Amino acid sequence: MHTLQEYEGRTPAWCPGCGNFGIRKAFQQTMVELDLAPHQFTIVSGIGQAGKFPHYVRCNTFNGLHGRSLPVATGLKLANHAMPVFVFCGDGDCYGEGGNHLLNAMRRNVNLTLFVHDNQIYGLTKGQASPTSLEGTVSNTQPFGALSQPFNPMVLAVAMDCSFVARGYVGDIDHLKELMKEAINHQGFSLLDIFQPCVTFNKVNTYDWYKKRCYPVESTYDPSDRVEAFRRAMEFGERIPLGVLYRNQRPVFEEKVPVLREKPLVRQEPLFPRVDGMLEEFY
Amino acid sequence: MDYTIKIGGEAGQGVDTIGAILSKIFTRAGYHVFSHPDYESRVRGGHNFLQIRLADRPVTASRDIVDILVALDRQSIIAHEKELSADGMVVYDSAALGEKVEKPAFLDVPFTDMAIKQGGSKIMANTVATGAVLGMLGMDLGIAREVIRGELKKKDEHVIKANLDLVVAGHESATRNCSRCAFALPPGGQRKLLIAGNEAIGLGAVLSGCKFYSAYPMTPSTGIFSFVAGKALEYGIVVEQAEDEIAAINMALGASFGGVRSMTASSGGGFALMVEGLSLAGMTETPIVIGLAQRPGPATGLPTRTEQGELLFALYAGHGEFPRVIFAPGTPEQAIHLTNKAFDLAEKYQIPALVLSDQYLADSSWSYETLNLEELRNTDYRLRGETFRNLQSYKRHALTASGISPLGIPGDGPHLVVTDSDEHDEEGHIVEDAEMRRAMVQKRLLKKMPLIKTEIEPPTVYGSDKPEVVLVGWGSTYGVLKEVVERLSARNAAMLHFSEIYPFPGTQKLDYLALLRGAKRTICVEQNAMGKFASLMRSETGYTFDANILKYDGRPFTVESLSGEIDAYLAGV
Amino acid sequence: MHTLQEYEGRTPAWCPGCGNFGIRKAFQQTMVELDLAPHQFTIVSGIGQAGKFPHYVRCNTFNGLHGRSLPVATGLKLANHAMPVFVFCGDGDCYGEGGNHLLNAMRRNVNLTLFVHDNQIYGLTKGQASPTSLEGTVSNTQPFGALSQPFNPMVLAVAMDCSFVARGYVGDIDHLKELMKEAINHQGFSLLDIFQPCVTFNKVNTYDWYKKRCYPVESTYDPSDRVEAFRRAMEFGERIPLGVLYRNQRPVFEEKVPVLREKPLVRQEPLFPRVDGMLEEFY
Amino acid sequence: MDYTIKIGGEAGQGVDTIGAILSKIFTRAGYHVFSHPDYESRVRGGHNFLQIRLADRPVTASRDIVDILVALDRQSIIAHEKELSADGMVVYDSAALGEKVEKPAFLDVPFTDMAIKQGGSKIMANTVATGAVLGMLGMDLGIAREVIRGELKKKDEHVIKANLDLVVAGHESATRNCSRCAFALPPGGQRKLLIAGNEAIGLGAVLSGCKFYSAYPMTPSTGIFSFVAGKALEYGIVVEQAEDEIAAINMALGASFGGVRSMTASSGGGFALMVEGLSLAGMTETPIVIGLAQRPGPATGLPTRTEQGELLFALYAGHGEFPRVIFAPGTPEQAIHLTNKAFDLAEKYQIPALVLSDQYLADSSWSYETLNLEELRNTDYRLRGETFRNLQSYKRHALTASGISPLGIPGDGPHLVVTDSDEHDEEGHIVEDAEMRRAMVQKRLLKKMPLIKTEIEPPTVYGSDKPEVVLVGWGSTYGVLKEVVERLSARNAAMLHFSEIYPFPGTQKLDYLALLRGAKRTICVEQNAMGKFASLMRSETGYTFDANILKYDGRPFTVESLSGEIDAYLAGV
């Protein structure tokens, strides 16, 4: 059994009151409950306030580029599919810059867990609209207000038949922790979008705003019905559902790769092939 | 003996099949071969050709003069009849072309008709053409039968039989009707192998223990991808076609971070998309090998043609400063060894290593008696298993005298492996302070660079010891420069060829600057419009060549065209 | 009234029998029927067999990079929103390399029409799997067969609330032409995915394959119901629906940009602003 | 008079607000100011500072010596107390810092307490601090009142009133309690304006008729984006935050093709993603201006700090060969004019033009009496309306003597405007043939380059006419080099500063090579680890500097640190 202290990384450089602290707390508890030691898993992250996450949680870490964590995590997981790999991104990171990788991660269905710190804003670069920002959000780079329709990651994920689709909120750490466990335990690509108020730059989507709207899906909700999930995922206004919105049992990518059947790539031997006979095909 | 056989036709007509089979027959029979294809960016139609040089001594470039032209369409005659040598012959099918040419150099063989008569399909007409060429050359069919059997081994026996019959029919028809055919082959030597540049890079990767290859298709790099993919099952390699080149390089970096040797490749446009990831490799000190197969640009350019326009792009690509190596093999043999060296140095120094090629090298096939694979450098530089587990403590980016930090594998022991694209401390965590920044730049860049430089081999010198004329080149022009130097022997010439380009070779192992300064004329030959290598030479050594011969029309230099240009230059000075 | 001849561009370099010829034919007829002269509209295309399209149809053309036509078209349309701008892409081009731009084009809802030549394969690069290739497609770069779930552009487009979502097939040129007209006449971002058999490299999704499966949605079908559209869009197997699957009346992006209210950017004057007073704010 | 005021505190405490208001008061009062911020990549906490140099003559760089330190947190004292000049003072709020420092140089002003007492919020404590600094300097509050009113003009009157009271309170407290304050200001001159590098680039763009700006936020380029966005409504500019940098450049190219002047900007990582698009601009001959605001790399590096590491990356970025211009302004004034020149040349020659800056230039503010905006070059090079419509025929990529083809606007007339990323013919359609390829490379690249080169102005010389010591720099180091040359006047020194970097200036207009060769010592000063400009100089001219002074810790050179390094070098030789 591990203790919460073991997951204490560097001191966060987040603003006091930032929703990111709640994500950290829920994640550390999740690790304790799942009994995963810091060296047993790897976090891949991007750039943004969310991207700093793994520095504040002791763990193996690849903190890469803005928007590119999913491909890194895919490569890493294929190199060592015995190791849990988690991806922590911002909404700008994953839904903006990294949109194409998100689509393809869902199609591939590698057994990764993606946690999106969804604060509906670009935090680290000081308050520009993100894909999830509400229409009309004015910023120093949106003088006319954000003109695009906000991106609804839940709807997209259901449409892409993503293997596990859920939404959490840092206002309810216990619920969030349970979702994290479910997401991690799910076999296949899992998306957990987490509402995380940015107290400095997002003056609209505040703790209050979320509190008023968010509700957990009822216990009778059946996340295996894709059309129902689509209908529910579209709900984003006066009421916003939290919880597992969709789930399926699609085969996992790495199980379909013949060369990964026996063991993870990184454990396969010999490291270097024998050369004899190699030239025969060229004669 | 030095014959050039050119096969011309539309895309989809089978130019490359005929070329591949003929080449295989020739090398199996023990002749030397060099072949290069010329094709358009389309799948059917247009005008393509493939040119095979067949000789009794090593040949390493194409010629302008054609001895046998296999014309699968009229355009081939229009475009290439003028290239025929004095005794040159055109073999064609007047029925298929809808035109009978009444010239002595034209040999009409009813390819299609014979194929159909033998119950074969139209495609089998190509087997007739193959037979006809062999007949014109006066080569017997023993080896041809063996090769055709081998190529068709997955087909039904009746298909094989029909093809064997057709090759005989073509052979007979040519033998019977080509009274003018004056070709004569000396006996062949030991059997040769035939390998193209892309295959060689792919082979180099597989033999270096590459376990992960992610890429996005792009001509002319796709051949590396498909070679490695073809070996995936046998050698336990994960190959994945990424959604784009950005994903390709980031996946490869993720896999490398995970502990396996990884590679990606593309051509210029795809490489352009990898540039941010290249810089990420630099910052996180993640080993990676990147193939860059050049083609004429800018942008989409001429997708199926050749150029050497991206040397400086490859060298300076990526924001910020970090070390890298760049190799530009000149032959398939070098391609194998330099790809291997790229894997070795990438891991030893935890840097990106680039293998720069181009369409000409990628698609040209060279023959060799054998290739020495024993000298491959395969060392595992990672901390694994016990060694890693037993460490007292571990810091991924520890400051060391050499600048090289221990390369652990995440999950492989109790130690955390942490890296970051931000500037970081020894443990891999984000920092802001000036002192650690300086220490990391010194570690990552300034300490490693001189060490890497000691690994670099000097350029190759070929020809005269004390040359008056030095032809300088890099990458794929090796073969043509070598042959041109041989032609220039009366001029006391030498070739200076660079294949290990960055870090730029010093003069300790070979004083190439003395060689250049000792010559009367130095000429840098490049396939680009601005003289990229000449510019690098000047920036690295201060040396300026007397002249530059530049070609930027997407077609490779041939022996005659290059020696012509050089003669003209030398005559003018 | 214009004639078909006016739209005759260079001789196509496509393979004989290629489905692309049908798209060209339908498009040329569409132009005649819509009475748009070659110089009145612009086609932006990418790289691939599809990307060559505008060379074979006389028109203003920006044939850009693989995967990047949507941003080019967006910039062009914002520079001159009075001019019809059409985008012609391959499935690899638009759903693979260009995935992120597709997501954002749908969010923006600029009044562009996107035609995707969907041959479920990479044609120009000789037969690798594309995002729409069926699972298991073996090629020289998919030695284990394509392992990802095929991308369903219709489902994605409905999920993204794309303003106009339709599918056509070159086996029925008249139907295709009608769809083209509807797509072009629709105000907002329109996606028309067109099945276009690649006779050279795709030996599975042949004319026959499509013919057996494709059916036009019934005339009673209501494309304004997003959930129903989602359900219908998911149909991709023994039966595949053709026609307008979804349509909405979302406001068009360029109408929301205040500076475009009066006239297209390219017609606005003066070209260069007066400089007096410009420095005052810095004192 | 030459005082340095340093304001230190955590991110979010208002360091930059105090700095901005003080600077505005000083310039409005007619003093010269130079200010630069130093901040971490975080939004709250950490340690930031902003340094204002206040003088009665032009100042263009920061110093190491601090006269007044405004310490908003304890870290500011720990980090910067040692920088105090002999008469230097620290002003702080002991209650807020939880510590009373009993040293003569410390002036305790209860910023927060006073603010709260006056009914203000905690944030208004910064107004007290502002007042205190003015009090310490002995400056009266007339202009301060005016500036504060101006800054708060959108606020309620009672907020304005409270702030005005607080500035007085701070002023009084300092005047009363700082017996040791020995600062004295001469009367100010004519009012000055204050402008930062990013604002200048943005202003240059707006004044050049930029109508379309698409970008993705990235420090330190975002300031350009927000400046232009702030002018969008007034000047009719479409600004769009793209989904990524690839989209940003492609959108800008689309808009430019559509007929309007377009720009994008980013820093290294985002620019890396634009590289393929850059090459597309080259091939399609679409004018575009690209801002590249450098920061320390590789990869994410130090996001809020400065470096000059990307000169050669900017120069060679993009696959294939195509012309470009690269400007690296050294001052905000140059930034305006070179951005304008970038727009002009981009359109005149139908090429990409890069404006290379860095975080130091981007965020530093300079004061000027005024700026000459009359010399802006604003010519419309496009074929529009009647002119276009009345043409007999039109070919977008017509082969011309100058290499420049007519730039029509699609939809603007009966002529088709066709362009292609593939190699194309005069009309813009795909071609494969060698001859057209050669003609297009000549047109696009080889003919244009020499013409573009004639547009390039030589480097700036400052200091001695016949210098013995020449300091060479480029881009943002202009200001510090200038001041250091002044300090070195006894040494007979000069500065040679390059701001128009590519095409590399010839020596016709100014024989800088003669200047360099005539000197005893030439020293190239750069903010990077490898001497990028020195390497370019060598490759372009063959000239090698005697020494390189390189700094790569993300912090700018200060007057003292640079002159110290130069003295040390000169003493050593």
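Just so it is clear, A, B, C and D label the chains in written order, and each chain counts residues from 1 on its own.
Everything below uses one rule, namely that a contact is a pair of C-beta atoms (placed from the backbone, for glycine too) under 8 Å apart; a residue touches a chain by one contact, two chains touch by 3 or more.
The shown structure was predicted, so the numbers you read here are calculated from the model rather than taken from an experiment.
K.L.:
In terms of C-beta pairs in contact, which of B-C and C-D ranks higher?
P.N.:
More contacting C-beta pairs are found at C-D.
K.L.:
Name the chain whose C-alpha centroid is most distant from the C-alpha centroid of chain C.
P.N.:
D
K.L.:
State, to the nearest whole Å, the distance from the C-alpha centre of chain A to the C-alpha centre of chain D.
P.N.:
37
K.L.:
Once you find the CA centre of chain B and the CA centre of chain D, what distance in Å lies between them?
P.N.:
44
K.L.:
Compute the distance, rounded to whole Å, between the mean C-alpha positions of chain C and chain D.
P.N.:
From the centre of chain C to the centre of chain D is 41 Å.
K.L.:
Any chance you could list the residues of chain D touching two or more other chains?
P.N.:
40-41, 46, 232-233, 243-244, 246, 269, 276, 280, 284, 299-300, 420-422
K.L.:
Can you list the residues of chain A that touch 2 or more other chains?
P.N.:
Residues 13, 47, 64-65, 97, 99-100, 103-104, 131, 144, 257-258 of chain A each touch two or more of the other chains.
K.L.:
Any idea which chain A residues touch chain D in the complex?
P.N.:
Per the touch definition, chain A meets chain D at residues 13-16, 47, 49, 64-67, 96-97, 99, 122-126, 128-129, 131, 140-144, 200-201.
K.L.:
What residues on chain C touch chain D, complex-wise?
P.N.:
Interface residues on the chain C side: 9-10, 13, 37-42, 44, 47, 52, 54-55, 58-65, 68, 70-80, 82-83, 100-101, 103-104, 257-260, 265-266, 268, 271-273, 275, 278-279, 282-283.
K.L.:
Which part of chain B faces chain A closely enough to touch in the complex?
P.N.:
27-28, 191-195, 199, 203, 206-209, 211-212, 214, 232-233, 235-238, 240, 242-244, 246-248, 250-260, 262, 276-277, 280, 284, 370-371, 373-374, 376, 378, 380, 409-422, 428-430
K.L.:
Could you please specify the touching residues of chain B with respect to chain C in the complex?
P.N.:
Chain B residues touching chain C: 12, 40-46, 215-219, 222, 225-226, 229-230, 232-233, 239, 241, 243-244, 269, 299-300.
K.L.:
Give the list of chain A residues in touch with chain C in this complex.
P.N.:
By the definition above, chain A touches chain C via 97-100, 103-104, 107-109, 131, 144, 147-151, 155-156, 158-161, 226-227, 230-231, 234, 250, 253, 256-258.
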